[in-house]
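You will see two complexes here that share subunit A, one where it goes with subunit B and one where it goes with subunit C.
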Partner chain A sequence: MNTISPDRSGPLALFSQRLEGVAGAERQQAVAALQRVGLPSRRVEAWKYTALRALGQTSLAAPAATYDVMAARAVLDDVLAAQDTLAGLPRLVFVNGRHAPELSVLSEAIKVTFFVDTLRFGTAAAPDRDPLVALNTALAEDGAQMQVEAGVDAGALLLLSIGLGGQDSTFSFHPRHAVVLEAGARLALLCVQAGQGAYFHNPVTDISVGNGAALEHVTLQLEGDAAVSLGTVYANVAGEGVYDSFALGVDGLLLRHEVHARLGASRAAVHVNGVQRLGATQVGDMTSVITHAAPDCISRQTVRNVLDGHARGVFQGKVLVEQIAQKTDGYQMNQALLLSPDAEIDAKPELEIYADDVRCSHGATVGALDDEQLFYLRSRGVPEAQARQMLIEAFLDETLALIAHEGAQALCRAMLARKGGVGASA
Partner chain B sequence: MSQFLEISGLNARIDADGQEKQILRGVDLSIPPGEVHVIMGPNGSGKSTLSYVLAGREDYEVTAGSVLFKGQDLLAMAPEERAAAGLFLAFQSPVELPGVNNANFLRTAVNAVRRARGQEELDAVAFLKLAREAAKTLSMAPDMLKRNVNVGFSGGEKKRNEVLQMTLLQPSFAILDETDSGLDVDALRVVAEGVNRLRAPTFSALVITHHQKLLDYLVPDRIHVMARGRIILSGGPELARQIDQEGYAKFLSEAA
Partner chain C sequence: MPVATETKEAVEKLGQSTYKWGFETDIEMDLAPKGLNEDIIRLISSRKEEPGWMLEWRLAAFRTWQSMEDPKWAKVSYPPIDYQDIHYYAAPRSKAGPKSLDEVDPALLKTYEKLGIPLHEQALLAGVEPGEGERLPVAVDAVFDSVSVATTFRKTLAEAGVIFCPISEAIREHPDLVRRYLGSVVPAGDNFYSALNSAVFTDGSFVYVPKGVRCPMELSTYFRINARNTGQFERTLIVVEEGASVSYLEGCTAPMRDENQLHAAVVELVAMDDASIKYSTVQNWYPGDEEGRGGIYNFVTKRGACRGARSKISWTQVETGSAITWKYPSCILQGEGSVGEFYSVAVTNNCQQADTGTKMIHLGRNTRSTIIAKTISAGRSDSTYRGLVRVQPKASGARNFTQCDSLLIGDKCGAHTVPYIECRNMAARVEHEATTSKISEDQLFYCRQRGLSEEDAVGLIVNGFCRDVLKELPMEFAVEAQKLLQISLEGSVG
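Then we have the complex of A and B:
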């Protein structure tokens, strides 16, 4: 049995009691890895811009076995009310990391098993490579394992995580999800992470996209206002497969969406797009590592940030092109609109290329709202606050248009309109 | 209300690259209701600055003088309040708004102004009907309502879009800042007709132009010549023809 020394400094101490009790080879291996490296400090390159201080000082317990049904229903209803086609979708609902069958609606096209029954960790996420994945491996309570059979178009599925926290952070949950699309299968997976109050949400999603299969994966971070949400996605994409990912960071104290995508056979495509709309003292981090491990693959990454107050946005995008990956077509763009002098964006693009016949480009821009555009709108009678809102929406418009699933795109727009206060009346 | 628009001793400057540059040096101008006035003058004389100051652009600092619009202190109002009060500026270089749909933009503007004027807002259907009719009258392609504001528009299309906005916002005082520049004869006529349709005893316009051509279609009541930040000469419509034939040099040396 591995043990964590109780006087060990750093955020790992918040979990020390729970880590002592883990059973099973994979979990113990994860604890051993955590003991070696700890949870990342800002001295670790991949966490240079994002500190885990927001996790607080108090030990984080496992979530309680029961939950407040009324509160969970209220969150569910609030999400469904934001976009009118959502209520008609099949859905899997998790409350504080545990499956809530009474709130879920199953689909015949998608085979679902639960982690709590299978204890299957998957293979993509190596525990010693990423401490937050190791933490998830050690503590995972539950999760959905979704499988679509070859050639089946399973439509859309809502995977809703509801976190019900109080004023101070007292517990954490570590869902372990998996998605398997067999050859030629299709699925649009809408992951909505909603909640209230303070908690730590640490999901890991292990994705396998088969030959010619297509997964659209839209993640909305609408967490509780004092919540910390650090999610990691590992996606392996086979030949001619498409992994089309979009993340929207809106609510939560500290948000990180980290994607590791591997293009494993030729003519595969990966899109890792996103929008962060943050204010006050929020920190949002979009990190990605895209590995081109086969020739003739495409990766596209477009991230836009709108930051107000003292908010800080982080973008880290690494594209690794292995020697075999000739004819790689890679594109990465990160743009930020800073609405206040105290807002900040930290952008770190990285290209690591070992093949000699590739096309990879990247870029970054930072700016404020354009005075001329603002004046033009105001000179047409549009009040200043509304004019600003119109220009913010315009800045985000073409990135949101990258979301192929109409309902998901409409949901993202609705959540942004909520965040912006006044939506354009037109 | 003695006059409709009363500009007295207006001085304004701009801070350009850390240097303050005085551009308006005592502009006096009165425009009665129902009249179309024209300002002509060499480049750099302050014509566009005057139009921006009247519309409320914040880059310019008014250092002296006053502007009364229908008895109100225009300079104390925000740009959107000026629009609601009935002022409209057709921009010399209309601004592109990527990501903003033209129809949404027009409807947002019209409803903002209607709200401020105490009128009922238009719903999407009623507005689109109105906008399509107005666009057709201006010989605009129907898809211009669906495109992003001024993005990818030709020079002529941008100017027509300005006139479309003017038509829909129903101003009582319009400033046209070189709206005719770069237009062919047909487009020129469309722009002039757009202004002529608004002409009424309660509507006035201030037209900034270099060319007599526009004034063939848009018969003005009065011509003003601006130079070095002031109005140096005013006269009837014949003054524009004289300038068109003889240039500004003669007037500038007389005024000096």
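Then we have the complex of A and C:
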């Protein structure tokens, strides 16, 4: 195996020690792909607005085999406390990338196996398409492989990933999750990524939604304040299937939620919605590629950003309509509210269309809080801080309302309310 | 339905030939040997009788160019270009530059007649429809391959204080002005093609409008590539002083050829306080045949700097030609309250590829920009709108509105929209909207029901689709552009 020289491969050198020791054809292939292309710099179009500098300078080791049970339990309790129906849900808990059975509660409706046992990588997430997926393939420690049988409504499942880092980033974990919904199955998957301190979390989730099946996938990024979290989701949706996703970016130093959704047969639907509420020097990136590969499909996307302090929000959304995908209906909307003079939004909504009988549109807006609306509220005696808060909430409310699962929606609102205090820090 | 009738007539007149500008003029040419090196640049510079500083500038650009790679990010594909297989200088052979129209080779004037350019001053008003009353004439600078062959109405313009001449002449006659502004908007090293252009540009137009002068007539340039294997690298520089204004039209054609020809122009605009520049282009370079053979590679850098407060630069373009278009007319909105506009219609048919759009860089306070881009794809073509709106931290009160609409005709073409929005100021407002659709069955049915043929109906609907842009064009151009749209889309329906 070739070694990776630090000067040539940039941030990839942080993983060189771990990459040297990988075994197995798939993993070695991934290492070879990484050696070819390295980890993306900002010269790579898909990473134009997001730099991996935040990964730091020190080598990142594998997570330790044991963890601080008290600390993990505290994070779990904290998440459960945010919304009262959560405690009653079945849950899978991972700490520093490894399954923690003692914290998990299983459900009968969902068949679960673990990556550590099966070493199954799945097919949707090909390592050579995305260097971070290759990195995950090379280093994946564990992950949950969830399957719902045909026609079963499995209700909701909480997939909680806890990262317990120190002051400086010393380790990384690369969970490899998979979700398979057979024909007509239903599941609401609540992925909560929570933690403390510094670490690098690089999950890959490989999703297959069968004929007429419906997956609701809500991801909350509530990572440690110095953590880097770069998640990639691949979702393949079959005929009349629905993949309804929502991502909330709140805590972490650098967050990226990347969704590749493919509408593979007619009358499938995909929603890729999201909200980013960032402050201080946070960078949050929502990137998506929605591929219409069959006729008569629908895709909808609404992403809203509220940016404060020196935060930078990134939105890259591409809708690709293949020649076969006639009668496509695609809509994409990205809006940003800048609360501070130093906040920044970079947006790139993109349409790539090869079929003529389609209706596709996108929109993007950027602006500050409306002075007239503020004046209206203040003239009715609402103090300024409260008026601002009301307007921010109103801005986000419409998007949050898109989350169909009530518990998940309430959880997102609760987490945003906790973050609400940041508004004053500008 | 006057528009439809008009376009129909235009098409009928054309008969079978889809590209009526595809003739070649047989005149004596003065050609530099193929290839690019410092000697060629010295040759160009000496042919142009340029001062030493200009040669140095060119050589510096050439050295920069050698260290650069051609850009690969645009959504166009073409085989690698052999830059050593091009003539970088081609000029109609004549005596030391024409002093008046009489000295211009009559074969050349015929060419322009065929193009329908009103080069003869007395013929200028011929194209004006009756009943419209007094119309201002248009001053024309005609560029044939590498050199400017004729500039009209120079006396009238000189009386108003406006300088309108070939840039090679401006380098000799007005060196201070040229030296001050050349490369100040598009530096030589800005990109691969601007570096190439800076090294080898052979001609183009220079316009200087002094303080407070409203240019008494529209200025126009017609570019034509004629000789085989030549590259055309023209350079246009327009400087408009405080309170002055000018409207400038640009038209382009080339003969039909099997091989591809390279066109890499640079256009620089400078607008001072309260100045305004309107730059309109109807680009109809030879697009290649139905199988995608031949055609012009149009790799152009156009940029305007709104340096002064309340200055305004408006780009209007109708792009129907070229095998490949790579073009992003931009505005740098520096002056407080300055305004940038971009109105574009891009039509691709057969195997054409177009990657075009604009950049609006908001630097100053209360700067405003509007982008209206209409893209029409037919046949097996690909068309991309690529735009950047950037609001820098000091641009408080900046405002942008962008609208991109794409129309697809047939299921073998592609239409793409890639806007970049970068906002670093909370007191700015940026709005972007884009749609992609086909011609609606309802609209087609409505037109057909009233007796229009399918082709006419499509022409009518397309003209309606482009109306927001076409209405920004000066009158003569608007008519021509409408016809062009119809011709470009010929055979794409049914």
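What we mean here is this: the second predicted complex is superposed on the first by the 413 of 426 C-alpha atoms of A that agree within 3 Å, B and C clash if a C-alpha of one lies under 4 Å from a C-alpha of the other, contacts with A are read in each partner's own complex, and residues count from 1 in each chain.
In the analysis below, a residue touches a chain if its C-beta (ideal position, glycine included) is under 8 Å from a C-beta of that chain, and two chains touch if they have at least 3 such contacts.
Computed from a prediction, not measured in an experiment: that's the story for all the values here.
Enquirer: Putting subunit B and subunit C onto subunit A via the overlay, clash or fit?
Expert: Aligned on subunit A, subunit C fits beside subunit B.
Enquirer: By the touch definition at the top of the document, which applies to A:347: first (subunit B), second (subunit C), both, or neither?
Expert: It touches subunit C, and subunit B stays clear.
Enquirer: So in the superposed three-chain picture, is A:45 touching just subunit B, just subunit C, both, or none of them (first/second/both/neither)?
Expert: A:45 contacts subunit C only, not subunit B.
Enquirer: Mind working out whether A:326 is in touch with subunit B, subunit C, both or neither, as first, second, both or neither?
Expert: After superposition on chain A, A:326 lies in contact with subunit C alone.
Enquirer: Please work out whether A:339 is in contact with subunit B alone, subunit C alone, both, or neither, and reply first, second, both or neither.
Expert: A:339 contacts subunit C only, not subunit B.
Enquirer: Which partner does A:367 reach: the first (subunit B), the second (subunit C), both, or neither?
Expert: Once the two structures are laid over each other on A, A:367 reaches subunit C alone.
Enquirer: By residue count, is subunit A touched more by subunit B or by subunit C?
Expert: Partner touching more subunit A residues in the overlay: C.
Enquirer: If we overlay the two complexes on their shared chain A, which of subunit B and subunit C does A:384 touch? Say first, second, both or neither.
Expert: first
Enquirer: Once chain A of both complexes is superposed, is A:287 in touch with subunit B (first), subunit C (second), both, or neither?
Expert: So A:287 meets neither subunit B nor subunit C here.
Enquirer: Which partner does A:357 reach: the first (subunit B), the second (subunit C), both, or neither?
Expert: So A:357 only meets subunit C here.
Enquirer: Please provide the least distance in Å between a C-alpha atom of subunit B and a C-alpha atom of subunit C in the combined superposition.
Expert: Scanning every C-alpha pair, the shortest subunit B to subunit C distance is 10 Å.
Enquirer: How about subunit C: which of its residues touch subunit A in the complex?
Expert: Spelled out, the residues of subunit C in touch with subunit A are 73, 391, 393, 406, 408-438.
Enquirer: Subunit B touches which residues of subunit A in the complex?
Expert: 371-373, 375-384, 386-387, 390-391, 393-398, 424-426
Enquirer: Which bits of subunit A are touching subunit C when the two form their complex?
Expert: 45, 323, 326, 336, 338-368
Enquirer: Can you check the complex and tell me which residues of subunit B touch subunit A?
Expert: Interface residues on subunit B, with respect to subunit A: 55-59, 78-80, 82-84, 88-89, 91, 94-95, 97-100, 103-105, 107-113, 116, 121, 124, 165, 169.
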